[in-house]
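As C-alpha cells, here come the structures.
You will see chain A twice below: alongside chain B first, and alongside chain C after that.
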Partner chain A sequence: MNFSSSTFGKLLTGRGSRQGLWLLPFAIALAMALWLAVTTSQFGQWSNLANLVAQGMPLLITAVGQMFVVLVGGLDLSIGSVVSFTTAILALDLPGYVTIPGVFLFAGLIGATNGYCITRLNVHPIVATLSMQYVVLGITRVLRPVSGGTVPEGVRWLVEGSLFGLPLPILWGIATLLVAWKLLYGSRYGLHLFAIGGGVAACSDDAARNFGIPASRNILLAYVICSLFAALAGVFLAGRIVSGDPNVGLLMELDAITAVAIGGTQLSGGVGSLHGTVIGVVVLALLSNGMNLLNVTPFVQTAVKGILLMAVVALQSRKKIGL
Partner chain B sequence: MSALVNSTLFRRVSKVPPSYYLLVVLLVILFVARPQMLNANVLGVFVRQVVPLGILVLGQLLVMRVKSIDLSGGGVILLINYCISSGIFPGASLGFYVVLALATGLVIGLFNGVMVAKRRVSAVIVTLALSIVLIGFVQYLSSGKPPGDVPKIFAELFNTRFAGLPSPVVFWIALTALMALLLSQTVFGRFVTAVGESMPAAHFSGVPVERTVILAHTLAGLMAAIAALVQTASIAVGSVRVGLDLPILSVAATILGGVVFGRGEGGVWGPFFGVLCFAFLFVVMTMFGVGDAGKLVAQGLIILFAAIFYGLRADK
Partner chain C sequence: MSSIIKKIGLSVLLAGVVFATNGFAQEVPLLEGVTVRAENNPTVEEGKYKKDAPWVIGMSSFGVNANTWTVQVAHEAQAAADRDKRITKFVLLDAGFDQKKQVADIEDLIAQKVDAIIVQPVTSTSANASIEKAIAAGIPVVLHTGRIESEAYTTEIQGGAEHFGKVMGDFLVKELGGKGNIWVLRGLAGHPEDANRYNGLKQSLEGTEIKIAAEEHGDWQYDKAKKVCETLYLNDPNVAGIWSSGADMTRACVDVFKQFGAAIPPISGEGNNGFFGQWIADGFKSVSSEYSPAQGAAGIRAAVALLEGKALHKHYDYNPPGWDLEKVKKYYRDDLSANVWWPSELSEEQLKEFYAKQ
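For the complex of A and B:
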C-alpha cells in the first residue's frame, strides 16, 4: 500500500484527477496568508491587500491565458513579449479607441500565427512561441527603445479608478475569471480542450480527432485566447505604469507557467483547473508580497520561486518522459 | 503546399540541415561586402566568441534527441563563474577549478536526468526552475554585484593558439568530434537514436529508456560545466549576468542544425554549423548597422523558418 494510492494520497497528489493537484497548493496559500497575517502587521491592512490584488492581476490574467495552451499540451513563451508590445502600442500618441482594439487585433494575429505554425506547419510549440517571442520583442524595441510615452487617460482610470466602491482591479479579475470559466466549463470548446489534451498526454495525438473533435482548430484557438489574455494583461500594466516599456513583460511567461504549474495543471496536457491556476497565482503573489514585507532580497525570492515550482511539479505524476 | 513538399527536389534539398545553407549565404555576404575580413585571424576571433555556446549545444543536441530539453545551462555557467571569480577558494589551482566545475555539472545534470526520467517531471519546468534557483542563489551570494576577478591563467589559456587556430576553437572541434563518435560508434549512441524515434518502441525492444535519458542529461550537465569554464576564461571577470541567454540560443542553434525534438538528421556537425551561423549572423548584421532590435527579429525568424522547414517534411 503506497502513499499515493490511498484516498488521502490521491487527493493530495491529484492522481487520476482531471483537476490535478490543487489541494496542496491551496493549503500552502492558506498557510502563507495566515503566517503573514500573524507575523507582520502590515499584511492585513486594506492598502496592502489592494496593492496585492493590483500587483498580482497581470500574473492572473496571463496565467489564465497560459492555462488554455497548457491544457492542450502546449506552451506559450511569447506572452511576455506580447505584454511589452501592448504597452508600447498604447503609449503611442494615438487615441484609445484606435490603440485598444488594435492591440487585441495584433495579439490575436500573433496567437493565430503561433497556432498555425504549431498545428499546420508541425513546429514544436516551444520553438514556435520562442521565435515569436524574439520577433515581437524586436518589433517592440523598434517602436519604443526605452520606456516612455503616455497612456490614454481612460486606460489609467480603468486600472486606478473604482466603481460602486470596489477598486477596478478586482473587477478586472472577476471579468477575466468569468470569461475563462465560461470558455472552459460553460462551453463545448472547454470540453474539447480537455479531450485533446488528454489524448496528447497519453501520447496518442489523434485520439480526440478520432472522436470527431477538430483538434487543429481548437488548439489554434487556444493560442489566440492565450495571446488575447496577454494583451489584456498588457493593457492593465500600461494603466499601472502609465507609459510604454519594452521590458515590462520580460520573463512574465515564466511566472505565468510557474503559476499554472503550481496550480496543478499538468504540462503534458489534459489535466488542470481554473481554480488551481487562481491558487497558483495567489501563492506566487503572496510569496513576493510576503517577502517584500519581511525585507527579503529579491534574489532569494527568485530562488524560492524556483524551489517551489520544482517541488510542486515533482509531486505531480505523469507517464510521459521529456518535455 | 503538399505537392511542393513531396517533390523530389524539396526532399533532396531538405536533407541538408538549414545551418549549412545559412552559413554559405552569410559567408557570401561577408565575401561581397568585406572581403578583407575573410582571413583566418579575423574569423578566428569571431568564432572564438561562440565556443561556449558551441559546447553547450553539444549537450543540448543530446537531450533534444531524446525528446527532452536542458535550460539549466545559464544557472550552471553563473554558478561556476561565481565559484571561480569570487575567491571563495583562495589559492586554488586550475586543476581544482576544473574538477570542481565538472563535478558541479555532473551533479546538476544527474539531478535533471533523474527528475525527468524517474520522476517524469516536465524537462522544461525542472531545468528552468533549477536555473532560476541557481541564478537567485548566485545573485544572493554576490548581492547582485560582479564578484571579482578570474585567475589570470584562465585568460592566458584562452588566448593561446594551437596549430595556427585559437585553442578554444580547436578544443571545441575536438569535443564535437568526440560527441560525433559517441553518437555514431557506441551503444549509447544507438540507444539515443532509438529513444528519440519512439519511446514505447525503444522500451519494448529492451532499450533502457530511463537510463539513456538520465545519461543524456548528465552529459549535458557536463557540457554546460565545460562551457562555463570556457565562458569564464573568455570574459576573464566575474559577472552575475554572464551566459543567461545561452540556453535559449543553444536550442536555436540546435534546431538550425537539423536536430529537432526526437529527430537527429543534422547529426553533430549540423548544430556545429548552426553555432557558426550565429557567430557570423551577428557580424553581418552589425556590419549593416542592424540594431539589437533587428537582431532579435532576425534571430526569431531564422529559428522559425528552420523549424518550419523540418516540420513540413515530418509525416504527421
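For the complex of A and C:
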C-alpha cells in the first residue's frame, strides 16, 4: 500500500475529493502558526495579527475571484492590471461616488470581454487574459505614468478604520467570503461551475452542456466575477497605499493562482474549495510574515516560497496534464 | 519709529532662533560627499529619539536582488550594523520592487518594535502611509536612495539623480567643446531614476550646440545596450560622444566600438569595477559619476545618531563630483570581479568574500 492510496494519504492529498487537497496545507499553516508563536514574541501580538489580516486581504480577495475561473479550467492573468487600474482611478481628483462605481463597471466589462473571447471566440484563457493584462496596464500607465495622487479619505478609513473595536479588514474578509460562499455553495450557479470544470478536466467540454447547463454563459460570468473581485482588491489596496500606482498589481495574478493551487484547487478545473483557498492565502501570508519575524535573509526567502509551493502542489493528484 | 525698531528687533530675534536651531544640529559624518542641504532644512530635536543601547534596527529595501549595486547596498548596511556592537540585531527585509510587500514589511518592523527603521522606498508614494505609522509609533525613519512625496520621515540622505546625469552631461559638453552629435543611452523607461538622470543631461545641454542624434533605452543592461549600440553604429557610426546612464551600458557600447575596430568616442560611466578596468585598459575619455552603495552604511549611521540622541538635519544631499581616470586607478581592483561598486566601506575580507574573482 503506497502513501497516496491509503486512507490517510487520500485525506492528505485530496485524491477523489471534489474539495481537493486542503488538509495538508491546513496542517502546514497550523504548524507554521504554532512554530511562530513559540519562536517569536511578536507573532501572537494583536498588532501583528491585525497586520497579517490587512496584508493578506488583497491576496484573499483576488484569490477567491481567481478560484471561480480556475474551477472552470481557466486562468485570469489580467487581474493584477485591474488592481493597478483601480488604484490609479481612485487616486484621480474625482469624488469617490464617481470613481468607485466606475472601477467596478470597468472591471465588469474587462471580465465580460475576457469571457467572451474565451467562450465565443475560442481564444485560450492564457492568451486572452494576458492580452487584456497588457491593454489594461497600458491604459493605466497613460492615466498615471508614475505613482502618486491621493485616494479619498473615506477609502483609507474603510481599510484602516475599525467598527465596534473590530478592524475593518476583518469585515472585508467576512464579506468577501460570504459572497463567494453564496455563489459557490448557495446557488445553482456554483453547482454548474463545478460541473463545467469537471467536464473540462475530463477533456469533455460538452459534458455539462449535454446536461442542459449553459456552459458559455456561466464561464463568462466566472470571468466577470473574477474581475469584480480584482477591483474590490484594488479598492482595498488603494486604501493601504493611499495613492495610485500603475505597477502595484504586478504579479498579483500569479500570487492568487499560487494561493488557489496551494489550497487544493486543481488547475485543470472542477475540484477545489473556498476554505482551501483561504488556507492557501493563510499559508502564503504566514510565510511572508513569519520569515520577516524570524529575520530570514532576503536571499533565502524567495527560495523558501518556491520550495513550499512545489512541495504542496506536487502532492496533488492529477488525472490529466494541462491547465 | 518705535514700531520699525520693534519689527527690526523681532526680525533679528527670529533670524537668531532660526540660525541657532540649525546650529544645534551636530555634524554627524554620514558619508564622504554627503552635505547638509542649505535651505528649508529643519533640525530633528536633540534627544527626541534617544534610547539606551542595545538597539534593533530594521531596514526595508526596495529590492535587494535587483542588480549587483542593490546587493552591495545590503552588504554595506549589514557590515555597518555588524561594526557597531550596540546594534544587537539588524533586520533587512526585501520588498522585491513590490509596493504591497514594502508596506507589509514596514508594518512587520513596527510590530517587531525595532528601534529605528531605514527605508529605501519602492515608489514616491506607496510607502508613505506605513512610514507615517512608524513615526506615529515613535520609531524614527531614515530614508535613502529614493524620495517620497511626504515629509513624515525623520531624516533623509538623497543622491540627486539630476546631479548624477549632469556630471555626465557636463563632461560631454566640455569634451565636445559645446557642439556635435551624441547618442543617449537611457535606463528603464518610466523609472524615476531614468527620467531624473536624463533631466540632468538636458540641463547640461541647455545653451550648447550639442544635438541628440539618437536616444534609446538600454534598461541599464549590458545585453540590451549592446544590441542598441550595434544598431546605432551600423545606422550611422559618426558620433561625437555618448551619454550612458549606467556603467553596464557603457561597457556594452565600448565593446561594440572595439568589435568594429573604431575609435571609442567620449562616453560617460559610473563607479563599477568592471567599467573601471575597461576604462584603464582602453584609455578612452570618460567620467565616472559617483553613487556609492555605502549609502546603506550611511543609513545605519544616521539611525544610530538618532538613537544616540543627536540632533540631525532633516535633509542631507549626496551630490559628489565626478571621478577622473587618476582617481579611478586608485580604486580599481584587478583581483575583484566586475560586480563591485566604488566607493565601498566593506572590509578587505568582505570584499574578497563577496567579490573575489573565481
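By definition in this document, the second predicted complex is superposed on the first by the 318 of 323 C-alpha atoms of A that agree within 3 Å, B and C clash if a C-alpha of one lies under 4 Å from a C-alpha of the other, contacts with A are read in each partner's own complex, and residues count from 1 in each chain.
One rule holds in what follows: contacts are C-beta pairs under 8 Å (C-beta built on N, C-alpha and C of every residue); 3 or more make two chains touch, one makes a residue touch a chain.
Since the structure is predicted, the reported quantities are computational estimates derived from the model, not experimental observations.
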Partner chain(s) touched by A:241 [first = chain B, second = chain C, both, neither]: second
Which superposed partner A:58 touches (first chain B, second chain C, both, neither): second
Which of chain B and chain C A:141 touches, first, second, both or neither: both
Chain B or chain C, by number of chain A residues touched: B
Which superposed partner A:302 touches (first chain B, second chain C, both, neither): both
Contacts of A:123 with chain B and chain C, given as first, second, both or neither: first
Which of chain B and chain C A:187 touches, first, second, both or neither: neither
Which superposed partner A:292 touches (first chain B, second chain C, both, neither): second
First (chain B), second (chain C), both or neither touched by A:257: first
On chain A, the residue positions that both chain B and chain C contact, one per complex: 141, 145, 297, 299, 301-302
Footprint of chain C on chain A - complex, ascending: 42, 45, 47-48, 51, 54-55, 58, 141, 145-149, 156, 160, 237, 240-245, 247-248, 250-252, 288-289, 292-293, 295, 297-299, 301-302
Chain C - residues contacting chain A, complex: 61, 64-65, 74, 89, 91-94, 96, 98-101, 103-105, 107-113, 123-129, 149, 190, 192
Residue ranges of chain B in contact with chain A within the complex: 66-69, 115-117, 119-126, 128-133, 135-137, 139-140, 143-144, 199-200, 209-210, 213, 248, 251-252, 255, 260-261, 291-304, 307-308, 310-312, 314, 316
Residue numbers on chain A that touch chain B, as the complex places them: 75, 117, 121-124, 126-128, 130-142, 145, 203, 254, 257-258, 261, 267-268, 297, 299-307, 309-310, 313-314, 316-323
